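The same subunit A turns up in both complexes below, where it pairs with subunit B and then with subunit C.
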Partner chain A sequence: MEPLIIEPSNTTPKVKFDPATGVMLLSGRSTPENSVEFYKQMLDWLDEYAGRPCQRTELNIKLEYFNTSSSKCLLDIFKSFNNLHKAGNDVIVKWYYEEEDEDMQEAGEDYSDLLNVPFEIIEVKE
Partner chain B sequence: MIDLYSLYERMHDNNIMLSFKGEVTFDLIDSILKIIEGRLDKMEDDRKTMKKVYNILVECLQNLCHHVDSIEMDETMANMNRTAILIIFSDEHAYHVVTGNYIQNENVTPLRSWLDQINSNTKEELRELYKKILNNEQFSAKGGGGLGFIDIARKSGQKLLYNFQPVNTKYSFFSFQINIPKQ
Partner chain C sequence: MKKSEIFEKEGNYVEELREYCDMQSANVPELRTKLLETVNHYEELINQAQLITKVSDRLQHKLNNLNDKLNVKNIELQETIDELTKARASRKATTIVLVVAIALFFFSEALLEPYIETHTSNFYLGFAAKFGLMLLLKPIDFVIEKWLLQDALKKAGKTG
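Let's look at the complex of A and B:
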């Protein structure tokens, strides 16, 4: 299986999903007008990954901004990690937010409330 | 010749960062966001406030675009199709984002009650409402699904200001304002 690598743009995040190590990264900003289209490729990739996952899967979310159009897509991404966890795999989601950015901290907490997958919320000092 | 200097002075005195009236497209929105981001970078030292303003602006503009996108125009409004107004200004205490666009009269009541519902909620209630809609499978294909205004209210911590002005038997003009306090 090929890694999924997407370079960032002004409205879309950097994506690096590595099937060899199980370490996934989503970073930058996510404010596209049509998020569904953008996130579909990630969801498709994760569907395939779920067939042969690594022993440990780690998703690192380091978002600066995201719009409400992306918020549901992000939940869908988290749900696929949720399912991987439910299937008995070792999975962790790490949500990073910049120091004092309460909006991003709350957003992480909101997602964490809606999921059963281990979800860590980490403050990054500047 | 119009008195351009007095218009200029008025805009200057009101600390207008950007004003636009015309057809709203997604390309235009991208350009506006880039301009404002550059300007905020220079004038706002507090990163938290900067991020709030940017985030709220994204929601306001994408809302605006979806609104003008969904309106069905007939011959009475042919010249105003997709037209909207946007003003961003700041003062000592806050940033202000103001938008205006046409909506169909039948949409006035549902939008008004939605905005009133958001305004009557506490911070915690807004958070619960947001999570409830986020987790609802019946989410609109466009992705917004009504979260935009909740997000604007949550991030600003302020009431949503609005007004509906009847235009004719079919349309009203929807004015919206959100103030984002400076830290």
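Let's look at the complex of A and C:
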């Protein structure tokens, strides 16, 4: 299985999903015009990955800002992780937010409340 | 339903349910199962909508904060630009006044003083004339600076 790498743009985040290590990264700003289309490739990749996952899968979210439609797509990604976790795999989501960015911290808390996946909220010093 | 809609999966389920309701053959236990499934879907949809609304509000709040910070920075920047424009105008005015002062010096030495000396014998009159010319420098500086500043602001207004 090939890694999924998408370089960042002004409106889309950096994506780096590595099937060999199970470490996945989503960082930057997510305000694409068509969020569903952008996130579909990630969801499809995750569907394929779920067939042969690593012992431990780690999703690192380092988003500065995302729009409303991206928030729904993120939820779909988290659900994929939820399913992976339900299937008995070791899964962790790490949600990074910048120091004093309470809005992003609380957004992470909102997601963690709704999901049954181990969810870590980590402050990053500027 | 369009393929790229955000609630595509949920929309598809509604369609499926509508088709199911149109079926004449559905019996009661099947209906009960479908109803329970629907309740679960509906509950999940509510949870999702609540989460998305909350997250969206938080992000809007973040955007508002950034906007406020940007406005403060804009005001600070405008103040700095104004001060810089004023300083530049003042420097230009000083240079012009210096040229005017040199011109007045030559005027007083070459024309005014010989004229006073030939027409009057009063030593203080020449002195007073030079002093008067010297006093003129400050108002000239003020007028030139004001004019340059207005000109600069007008230009800034045109480009900005």
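The definition used in the following text is that the second predicted complex is superposed on the first by the 126 of 126 C-alpha atoms of A that agree within 3 Å, B and C clash if a C-alpha of one lies under 4 Å from a C-alpha of the other, contacts with A are read in each partner's own complex, and residues count from 1 in each chain.
The criterion applied here is as follows: a contact is a pair of C-beta atoms (placed from the backbone, for glycine too) under 8 Å apart; a residue touches a chain by one contact, two chains touch by 3 or more.
No experiment lies behind these values; they were computed from the predicted model shown.
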item	value
Clash or fit (per the criteria above) of subunit B with subunit C on subunit A	clash
Which of subunit B and subunit C A:V36 touches, first, second, both or neither	both
Touching partner for A:L75 - first (subunit B), second (subunit C), both, neither	both
Contacts of A:N10 with subunit B and subunit C, given as first, second, both or neither	first
Which superposed partner A:Y65 touches (first subunit B, second subunit C, both, neither)	both
Which superposed partner A:C54 touches (first subunit B, second subunit C, both, neither)	neither
Contacts of A:E106 with subunit B and subunit C, given as first, second, both or neither	both
Touching partner for A:E98 - first (subunit B), second (subunit C), both, neither	first
Subunit B and subunit C footprints on subunit A, overlapping residues	34-36, 65, 67-69, 71-73, 75, 101, 103, 106, 110, 114
Subunit B - residues contacting subunit A, complex	26, 29-30, 33-34, 47-48, 51-52, 54-55, 58-59, 62, 65, 127, 130-131, 134-135, 139, 141-145, 147-148, 150-151, 154-155
Of subunit C, residues touching subunit A in the complex	4-8, 47-48, 51-52, 54-56, 58-59, 61-63, 65
Residue ranges of subunit A touching subunit C (in the complex, touch as defined)	34-37, 65-69, 71-73, 75, 101, 103-104, 106-107, 110-111, 114
Subunit A to subunit B touching residues, read off their complex	10-11, 31, 33-36, 64-65, 67-73, 75, 98, 100-103, 106, 110, 113-114
